[in-house]
Amino acid sequence: MTDPILTLSGITKSFPGVRALNGVSLELFAGQVTALIGENGAGKSTLVKVMTGIYQPDAGDIHVAGRQVHLPTAHSASAAGITAIHQETVLFDELTVAENIYLGHAPINRFGMIDWKTMRAEAQETLDSMAAGIDADIKLKELGIAKKHLVAVARALSIDAQIVIMDEPTAALSQKEIEDLYVLIELLKEDGKAILFISHKFDEIYRIADRYTVFRDGEMVGKGMIAETSQSQIVQMMVGRAVDQIFPARNAALGDVVLEAKGLSHPTEFDDISFAVRKGEILGFYGLVGAGRSEVMQAVFGMTALSSGSMVLDGQAIAPKSAADAVDAGIVYVPEERGKQGVITSQPIFQNVSLPSLKKTSKSGFLRMAEEFKLARTYTERLDLRASSLSQDVSTLSGGNQQKVVIAKWLATLPKVIILDEPTKGIDIGSKAAVHEFMGELVSQGLSVIMVSSELPEVLGMSDRIVVMREGRLVDTLDNKGLKPETLVRLAAGIAEEAAA
Amino acid sequence: MKALTKHRELWLALAIVVVVIAVTLRFPRFSQPSNLLTIFNDTSILMMLALGQMVVILTRSIDLSMAANLALTGMIVAMVNAAFPGVPIPVLIAGCIVVGGALGAFNGILVWKLNIPAIVVTLGTLTIFRGLVFVISGGAWVNAAQMSPDFIQLQRGAFLGLPILSWFAIVVAALFYVLMTRTALGRSLYAIGVNPTASVYTGINVGRTKFLAFTIAGAVSGLAGYLWISRYVIASTEVASGYELTIIAACVIGGVSIAGGIGTVGGALLGALFLGVINNALPVINISPFWQMAISGSAILLAVVLNARGERNKGRVILKKAEGV
Amino acid sequence: MTDTSLHRQLPDRLDNPLRSALLGWQTLLVLVAVVIFTVNSFASPYFLNAWSLSDLTFNFTEKALIALAMALLIISGEIDLSVAAIIALASTLMGLALQFGADTPVLVLIGVGTGIACGAFNGFLVTGLKLPSIVVTIGTMSLFRGIAFIVLGDQSFKGYPASFSWFGQGYVWWVISFELVLFLVAAVIFYVLLHRTNFGRRVFAIGNNDVAAKFSGVRVERIKFILFCLTGLMSGIAAVLLTARLGSTRPSIAQGFELEAITMVVLGGVSILGGAGSIIGVVLAALIVGLVTFGLGLLNVPGIVMTIFTGSLLIVVIALPILFKMWRQRA
Amino acid sequence: QTRIALVVKSLGNGFFDAANKGAQEAAKELGVEVIYTGPTAATAEAQIEVINSLIAQQVDAIAISANDPDALVPALQKAMERGIKVVSWDSGVAEAGRQVHLNPSDVGLIGETIIKLAADYLPDGGDVAILSAASTATNQNAWIEAAKAAIPAKFPKINLVSVVYGDDDSVKSTDEAKGLIASYPDLKAIIAPTTVGVVAAAQVVTDQNLIGKINVTGLALPSEFKQFIDNGASQAVALWNPIDLGYSAVYLANDLIKGEEAKPGAKLSIGRVGEVTLDDTNSAAMAAPFEFNKSNIDEFSKIY
């Protein structure tokens, strides 16, 4: 067997409050695809950032082709022959597609000036070779999310690297685009490149990967050849216990319809979305990332203006024009982008919790800190928040605990409907179970929960009914009784039943 | 609306033409080539400064100290010229660029290494630089009689029918055009304004690039220092006082987004030219000069409103029918 | 199932709030103020004199009044560069009213009303049209002062009644001027508003993260609009005081006040990026600026040289903690 | 020791530096201390801060050239209340804000002189325009009024087409001068009764190759203006002697400190310059403006 072209050993990386990577190792081989597998928050993306010079590891060595390298900057990583398609699209809206592909390594003419003509031509060539159907001359902001991902792929290809990392490259792509990507990956393999492929989709992994490495909670827990390992073995490694025990059993006692939405539409993001949620019900929203579920929820929450559609809450028509209106009406929203939209970092926990409830804790507009602390303590302790004090800055909390602060904030407003957008994204397994258990508690107390999730087990394990969305449209609403995961995946990805069968 | 955003420069140019025509209707001499060239020449310094400011604004920063830098460099060069009339003018100009660049680099270092917001840094250096003008000159003015004839005359000479001052603007504009469109540095300036995080992923050193932007703005201010002093033949503490905001106004009118990442050389030039035309037109058509300030204020507001309309985020565009690609 | 008594009791806070306040910015400012005061007392025999100290306050009260409101605005993540122009316009309109025979209460009403109206205009452009405040207020800065120039042309208004002049020249008791009393009262009001009310708490939230604040049900636009009006109001009040103190109006009045007010705010420890700051800091910074300029004035140091001190003070005071932290990290 | 503050519109101005020369000369003669001070920017607010610090220093007298006739009144009244004598000179303060005002020259005489400077070189008459300082500048406005009054009777061929304001700012003055030239093709002379404006106008005429076509004249400092007499952009300009002005202002202030009473008709000594008589607004005129042309500019440009 050949030697690995890239070897990582003993890599450790900590963030305040989290050890994201703990002495992990990884090997990549020329002409082979290695899948990196692990739950959300296992440390996969962090490792990618270490390999591409964005983060500096606290400890550990990186060897490329047998030689030790240091990667202090993103530049040094490309110089060492490593390139990556990152999980978040890190591109430039205001620049053209061609430039997005070549920024930082643009072709240069005799005078040391950027050679736009060559750049455009080569960019177009790369895009065409991927059958992307994108004009290299337009500005990136004119593309949709899927096409932006293709541009990111093209950028990685334009760097003539020996090691190509793909962090969930297919998450936002349609089936057709995914097929094209597979072809590309085959070509790269033939070229002798080493590929690191990160994905949560097992069908994909089994289709294109040669090897695998599994991470759990920042540690390397297993590796081997895909052909020699069964899916259930890998899942066992990933989760560390049997999967089907995670979700709390609950006997649903559904009441009347609390919130009913009819024909919600938006000019560019979603169209004709109708659903209803009952007292004591968990309504799941499933779809591929980018299906527009978050946009719909933000419209229900008053953050996005609707072009048409109506909503009825407890028999009364509502039309929230702002989040404040929605909160007053009794609808609250736990956003997906926790850092940006959920918590106010650099403010203490208690102030985060009391913010929407200030009217209750204050006296004729004047703050009463004692009341705020009381309110914050009541709800954070119910959620078993782990912190040193209520005055701790939320930015120093771990992701799961930040999520708890956001949920506590909303529970304190005594809402009727709580919308949870990817509630367990980036949360460790322990907290995840706690959040799930807590959701069960919420509905048993008579709340209605809408849960947006891209994780199949979570959707299937928690929901009473499931709404499936694809490309901004509602595909179907299903009762969660004996639903097969494949059914949901097909609906979400738009694969016809008979074609797959 | 879409066309407007695509061809922002075109529309601005059109606005300038409309103003010129309107003035010409009341006062035919206004649009004579000689007068138009005069306006261009009068606006040359502002154009150069606007370009320097644009580079900084592109990186999501702002330089409030440009006018003070200009005054300080101008005073230094005037005093050197008065004391040593023998020093050749090109040497003086090179000196101005170096001194101005060094002052700009000082801003840049504070922004880069200490991570102090640009507006705070330059608010501080604005007062420091201007105070230094007074300190080094002891408050005395350097007047025409103390300056050497070459010092005064250089920019007034003509080449191909254009005053040398205009040529300075043209050359600087050309250099900026090349910098912004043809060099890695220029593209990095845009990139870190559009998306600083993505820039890090792309291997751009954000802090260092900002530092260079401030240095460039400083160098331009230094050059403008010499040109200003030799144009108005007086160097005093109050030179170009308050001008920093005019420079920013020119950029804003020219479509440079204060949020960074958007702006072109052509836009900045036209923004400056627009202010120049207004300033020249008002006295000519006998509108009381007291109207001038309100008019340029309204122009700035109009420009931001129009630019913002164009920049308005289209959202993510999930629906296929709306994607439009 | 879950017994609440099993939960760990979260303490309100770990450290003593008094201790953290003592280590904060305000202590640094108090120290600076004391040093300057001491130096001044030794440097000039005329400094320690009730009337001198009273005159000193006139150097900063008007700007400091604006700085109080500006502090809230900057904490919320916005800025207003048009405050000096608002003074010019308010003063001009007061002068105009005077020509039509308005008496003192009407004059004050017009000055304050103009301020609020200008602030509301800024607020509308920023929150209603979603424009960046720095650009909007650079524009309105020219617009407001421009209107003052159009109205006033080449005249100046004068002949304000004595009852009006009292606002800028009168003393409430002994050497305590009306301007100083007004400033102290305003400082207390702004302190309570920012640090002791729901409104202030929301201002901080907006400044730290206006998206998250909006997602938390804070009416971000409305609060920012109010803050612009408040800044306009304080500029209107400053216009009344300044006009009364000068006893006349010219369109070029109050030139450069905006940068001085912002300097006080930033020197007072308010983060220009929003989200942090205190009124006590701003009051101390105003005092420091006043002490520096007056102290140097007593030594007949030209005003422009004083600005070197304030400019350096601004950078040094902000850079010091950063340098200290870097140095500690290295060690 | 007696201390007299000489407060000027703004520091760094050659004219005021010359006045300070005279003031120091008077200080030596009288055995007093003269504090030379002023703001950097020529604004009333800045001057008030200077006045406040002088009040705190308990100087004996303030001799001030004002940036604004009205805005300084309250501050100067406060000074007078604290027993400080106040004299205004060059650019005056409203009567309530000072005890004596010293005009550099007689208003009527200056108004007539600036028109005469233009008319002398326009035997056939023609269009002239005035480029003034700030629109609020008291002295300039008074001279312009006097000039207008003098034209019909004494210079019937002169046609004053426009008065514009350059605010004593080089850039604004330059723009205004250009505006005049563009608007009035037949313009024969620009009269700038301000030292900043006159330089700007002469520079514009030089730059636009209009030497010989447009004559720039007005009030100018010889040292700053010499080159424009030399190159022909201007035939002649005039000015009073700022050295004498500063000298006289200090003398007047000292007279008041000594106990002389400022009332209409009072005769006060101004040292070697002579003696002035106060009119019914307690103002006095120092001397007639002095004309500089090719024959004497060299000599005077070395002095101030």
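Just so it is clear, A, B, C and D label the chains in written order, and each chain counts residues from 1 on its own.
As a working rule, a residue touches a chain if its C-beta (ideal position, glycine included) is under 8 Å from a C-beta of that chain, and two chains touch if they have at least 3 such contacts.
Just so we're on the same page, UniProt names per chain: A = D-ribose transporter ATP-binding protein; B = Branched-chain amino acid ABC transporter permease; C = Autoinducer 2 import system permease protein LsrD.
Given the structure is predicted, the values throughout are model-derived calculations rather than measurements.
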{"item": "If a chain touches chain B and chain D alike, it appears here", "value": "C"}
{"item": "Chain-chain pair with the highest tally of contacting C-beta pairs", "value": "B-C"}
{"item": "CA centroid of chain B to CA centroid of chain C, Å", "value": "30"}
{"item": "Centre distance in Å when chain A and chain C are each reduced to the mean of their C-alpha atoms", "value": "44"}
{"item": "Euclidean distance of C-alpha centroids - chain C vs chain D, Å", "value": "38"}
{"item": "Separation of chain A from chain D, taking each centre as the mean of its C-alpha atoms, in whole Å", "value": "74"}
{"item": "Chain C, residues touching no fewer than two other chains", "value": "153-154, 255-256, 302, 304"}
{"item": "Numbers and ranges of chain D residues touching at least 2 other chains", "value": "11, 40-41, 165"}
{"item": "Of all residues in chain B, the ones touching two or more other chains", "value": "134, 139, 237"}
{"item": "Full enumeration of touching chain pairs", "value": "A-B, A-C, B-C, B-D, C-D"}
{"item": "Contact footprint of chain C on chain D as seen in their complex", "value": "11, 35, 37-41, 43-46, 48-50, 52-53, 55-58, 68, 70-71, 73-74, 78, 82, 94, 134-136, 165"}
{"item": "Contact set on chain B toward chain C in their complex", "value": "62, 64, 110, 114-117, 119-121, 123-128, 130-135, 139, 237, 242, 245, 248-249, 252, 258-259, 288, 290-298, 300-301, 304-305, 308"}
{"item": "Complex contacts: residues of chain A adjacent to chain C", "value": "301, 303, 322-324, 326-328, 333, 335, 340-347, 350-351, 355-356, 358-359, 362, 365-367, 373, 377, 380-382, 384-385, 387-392, 409, 413"}
{"item": "Residues on chain D engaged by chain B in the complex (per definition of touch)", "value": "10-14, 17, 40-42, 164-165, 169-172, 174-176, 178-180, 182-183, 185, 196, 199-200, 203, 207-208, 223-228, 301"}
{"item": "Interfacial residue positions of chain B with respect to chain D in the complex", "value": "27, 29-30, 35, 38, 42, 134, 137, 139-141, 143-145, 156, 232-234, 236-241, 279-280, 282-284, 286, 289"}
